[in-house]
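Dropping the structures in below, format is structure tokens.
Okay, so subunit A shows up in both of these, paired with subunit B first and subunit C after.
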Partner chain A sequence: MTQPTSTRLSRRTFNQLGLGAALVATSGGRSFAQAPEIVIGAASPLTGVFAFAGVEGFEGARDHFDWVNRQGGVAGRKIKYIAEDSGYRVDNAVAIFTKLTSQNTIPIFFGDSTGFQKAINPELNRRGTTVMAGASFATEIDDAAGFPNQWIPGPNYSDQLRVLLRYIQAQKRGASVVLVNSDTEFGRDPIVAAEQEAARLGLNVVEKIITQPGSVDVSGDVLKIRRRNPDYVIFHGYVLQPIPEFMAQARQAGMTSKFMGTFYSTDSLMMSRAGAVADGYLGVSCYNFDPNAPGSQMALVREFNGTRVRTNAYFQGWTNAMIAVETLKRTIAANQEFNAVNLMKAARSIQNYDTGGVVGVPVSITRNSIPVGRIYEFKAAEKRLVAASDWMTIAPTS
Partner chain B sequence: MRIATAKESYAADEALFKTDTQRVWFAALIVALFAYPLIGSGYWMFLAVLVMINVISTTGLNILTGYTGQVSLGHAAFMAVGAYCVAFFDGRFGTPVLLNLVIAGAIAAAIGILVGLPSLRIKGLYLAIATLAASVILHFVFLNWTPVTGGLRGLNVPTASVLGIELATPERLYWLIMPIAVVMVLAARNLFRTRIGRAFIAIRDRDISAEIIGIPLFKYKLISFAISSFYAGVAGGLWAYLFRVVTPESFPALASIFFLAAVIVGGAGTIVGAIFGAVFMTLVPELLKLIAALITPWYPDAPIYLAPVRNVVFGVLIVGFLIFEPMGLAEMWRRIRRFFALWPFRT
Partner chain C sequence: MFANIDLVDLVETSLAGLGTGALLALTGVAFVIIYKATKVINLAIGEMLMVGAFVFYGFSAGLALPIWAAIPATLVVAALVGGVIERLMIRPLMKDNPISVFMVTIGLSSILIGLAEIIWTAEPRRLPEFLPSQPVIIGEAFVASKTAYSFLIAAAVVSALITVFAFWRGGVALRATATDRAAASSVGINVAGVFSFSWMLASVVAALAGILVGSVGGISSAMGLFGLSVFVVVILGGLDSIAGALIAGLFVGWLEAMVGRVFGGEFKLVATFSILLIVLTVRPYGLFGTHEIERL
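== the complex of A and B ==
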């Protein structure tokens, strides 16, 4: 039996179908002339105790990369930003790093914590392919010899304390200070440096208090502070609790001490939750909280967010992304391949760099960090942080 | 239907593998473990290594909790002891890897005996709190015994090296950790064919009756704590070689809950349950993460919104197991085996 002519498949028709299928199959793919994407990976703490900062940090980096891609990318190469939730756990973050780097070539990776950045450091050094930045401001990581493949997007915790103490010294010579630190690696980090700096400045550290990071009953510790009646109380190593509780009980006891804090507790949203007791709280940050601050990058932040108030962590993510892009640009401009040595050479060449207003002064990567800070005061009535000092740069030798 | 499984002697009834089918499956498992590196990439090798460390630790806790009935919330602290021991001895004296692991297990066991001392007088929730308190004390030691533990900054661990071969990657560490995991799981299985293991089970089932029939409770409870802690110490030591840094925050109290949950979800009082529990608790969050990653290309903000959902799903899965399969995954496994053993008859 012969097939009807209309359904017979000739050799020519078969070839035409094959050609058509091949064209359709490849039409969605990348053309040969198109430059490959640059993949930047991240282990972000999107859940867990650090999620408040993790989400903001993720969004800050995402927004900046989004803008860079809209401008055509880095030397024509788009950024592909892949972030996964670590839950602020070292083993999860290591799993994410291992997974993403085994699936992609990743020149720059963003970490989620001091623990992870320390844990992965030997692996970074062994690989020599990837450099890292992240959410940690640990003093230990600010060591170009021990951590040759990492940078910190701001001042380390010891330098943050130095900024606070220099502000105190400018306000009141010989002032008395109480240090309140959480009983964590994060919390205890700058104690020794703070004591040395206070001694150098002629300030008196009259008490050191170590508490659990989320403690609720702080009445005993408040009593200790009250007995000392210091001019300033500096908190470090907390997200929010127990800072409001300390301040509330101290105010009820009639104390007039000024309260201060470091990076992760310098947050207008969290202080707004604390309410009127947080009025006058002084925090250190290296980012610009002035909603009308000049500069191209600050204009972009406003463009992305409108009236939405962003926290330190958002700017930290944005700054990490900005340094990452600048590092990639400089490496490409020097016609060098992406490896840890070339990337860190490019990152360390960032000197007197204009951040477009995100940091109010030109910044330089010194050791592994950007040792610049500024004091902000929380105005409870306006629910915002306003600048209380000028920008201060901490010299590496101090 | 499987036939001819009648046992003619006590030894046959107590054999490690009772049927040829079991021997074949065990052989297949060993072959699979040796073949796995041929197909596993870096990430999957990392997960395999992490699962095996968790299997060792969960097996240890299962010996104490599942088989001896002693609740412990300090298991992660014993792992930390092992991790610090490895970091200290390898970093300070450069002692061989296997010796470090034995030392880690031995010191963890010694501390386990100390922590187990109250177990004769207290049990249940009271013992749980006592072990939790012990973990708080150990955390204090890790934080403040700076010359040994490195204080808050912790210790860096040198790369594991066996016979001059550096085990710097999960692919290489697999060949150290896999055999140790297999040997320790088999050792645990064998333990319950001995007088000691039977004493543990007797104590769990009814401690007063056990004492009446001549089992010295105190001795055997302490042995159980020692063996359990030994497993935790070795697991902690291997963890240190994998992550190569140990800090006081490396093993939070929540990690003890993780292992307790692994014992319960897997099936308390069964060796295979510890394996299933450790695999479930380690891999299910990764699988759920994989689903989020698949959606990300179409929905870039998926990580933000799906990450909490993933935790909720994981929590619901655990609760679901407790409600619908309180005997754990091991019971499901037993039913599957029974189905094939009795097929085509109803089970």
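== the complex of A and C ==
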């Protein structure tokens, strides 16, 4: 009968096993030589009333980060993009922000709404570690003193109205205008600025209407517009409804007013759903909707999407990601650590920046925003938006 | 404030308000049918309306069925949905505390929103145009065509339901079940059948309301918010009164239109919920409801 082999470990065997275990444990993960990932967090409205834009915005940022990672990342560091669904609720977005920033070091976070970006601002300023961009174009956020750690990937809502009003003034001097705004956190945003700009341009704001967002009952408001019979009606704070119904009922009533809208309603997919009634609708955006537009980034958008038509929210996400990457690059190039002061200094150094065609002119971050816009007209027969004006830049003193 | 409102303006605004009020009344009736039969406060009525609108969208825009086929098909699906909800989610809880059932309907609303977003995504959509587009002119007053035709359809359906429940044996069975389940069962009324029928019928009425609401304001997964004003309607009219829902619906629609015209759209819900507060304080069983108060 053979004796059982001893199970005792000699010191040498133990050391060899320990070394082996350490090698195995580290070989499965990232190597010590590999630069750590840069984590970018997001609270995205992937469900809920704003999901149509949230999903597109998320995908726009994701596609751009994917491309950056394919190129080797930012200074050799890959981007890890973590987004969770906020449902377009401020409390959810705050919870996601707290959770993700407690689990990761996050230099840049994408917010989902004006409400969240305003609510989190004091915490952002207190931490001094994270900067933010997102879905909001709120005029209030476009204030480098009050919101020192945020940027907006386009013109603020007041500047969007200024672009629309300047277009009107170029078309018809002394034109009458009705403003229709949703009773939401961002719906009322540009009313005061619009009135001031209209007065400066010699336009007449003859009526201001506030509605519930997505209101069913538009007929009473259409009656108000009908009595004024304005040259232009400008909608702000809506996605799709109730704009088509306003236009349909206004046409029934024999009105000949032109209808206009701001960023979130300037969308070929949304307007295609409205159908023929939306023909001639004029909207403002800072992104390039020409499917054949030149530029390296526009070529990439086509590469990622083929013939699929993307909404403005996709371009917004893409632009946010582009600015985020450029901000990170400049911070690393300056050999500075990632903190809010350094990151925003880098973001604000983005001047006359070539977006590769996503915005048709070189862009500059002024205050916190990119005050550039262009008017597009919806052609119902072709189901697309075509440029109706040149790019317009709003001076910061406007 | 009032100086710039002339008689024609007053009439036009009132007619527009009554148009919306008819849709509130129709949805309110769907709510009342369920409460009348089962004593369940169904907070998911707005979402049932939303699902009905999306199903109609699926048939009319997705499958391109003609309207005469899409509407009945939608109502059949709605009836099935109502029946399934009752059988799987409500009936097992009927012997439990009313708060349990009440809470289940809150969960149901989230489930229906989730299902709609999974199937149709959260993007807002327009229903195909199926109502005449020529405006209706009454005297000098302009009424948008959808407002006018929605009012007529809703009024016809509510009137039919009032008549049916007043004279039809099923209506009597429904009222008997609501009054005393045990007694109703003892005289041969199929109480479980009444429960199922009430949910199916309410679902059909809500779907019809969804088609009409969606034809005016478009559809989205958030359109169940329309149900908020409906709760005011049924509390004002009385939780178990179909006629009350009709009258209260028209009143709330008219009130919102007038408040919107005079003070601005931002004050509509303020007015509506002020009415709710007053009613709950002064007459918690509503204008026409049974004088029975239960605290939830």
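Note that in this section the second predicted complex is superposed on the first by the 374 of 398 C-alpha atoms of A that agree within 3 Å, B and C clash if a C-alpha of one lies under 4 Å from a C-alpha of the other, contacts with A are read in each partner's own complex, and residues count from 1 in each chain.
Just so we're on the same page, a contact is a pair of C-beta atoms (placed from the backbone, for glycine too) under 8 Å apart; a residue touches a chain by one contact, two chains touch by 3 or more.
All values reported here derive from a predicted model rather than from experimental measurement.
Partners subunit B and subunit C, once the complexes are superposed on subunit A, run into each other and clash. Judged by the touch definition given at the top, the superposed model places A:T47 against both subunit B and subunit C. Shared-chain residue A:I82: touches subunit B; no touch with subunit C. By the touch criterion defined above, A:R227 reaches subunit C but does not reach subunit B. In the superposed model, A:E140 makes contact with subunit B only, not with subunit C. In the superposition on chain A, A:D183 contacts both subunit B and subunit C.
Of the two partner chains placed around the shared chain by superposition, neither subunit B nor subunit C is touched by A:I108. Contacts of A:D217 after superposition: subunit C is touched, whereas subunit B is not reached.
Clashing C-alpha atoms with subunit C appear in just one stretch of subunit B from the list 117-125, 153-161 or 279-287: 117-125. When the two complexes are superposed on chain A, the residues of subunit A that touch both subunit B and subunit C are 47, 55, 183. Residue ranges on subunit A touching subunit C, taken from their complex, read 47-52, 55, 183, 209-212, 214-224, 226-227, 239-242, 244-245, 248-249, 252-253, 269-270, 273-275.
Those residues of subunit A whose C-beta lies close enough to touch subunit B in the complex are 44, 46-47, 55, 58-59, 62, 82-85, 87, 90-92, 94-95, 98-99, 101-103, 115, 118-119, 121-123, 126, 140, 183-185, 188-189. Interface of subunit B with subunit A (complex): residues 41-43, 46-47, 50, 143, 152-154, 156, 159, 168, 170, 243-245, 247-250, 285-286, 289, 292-293, 296, 300-301, 303-304, 307-308, 310-311. In the complex of the two chains, the subunit C residues touching subunit A come out as 9, 12-13, 16-17, 19-20, 23, 114, 117, 121-126, 129, 133-135, 142-147, 213, 216-218, 220-223, 225-226, 253, 256-257, 260-261, 264-266, 268-269.
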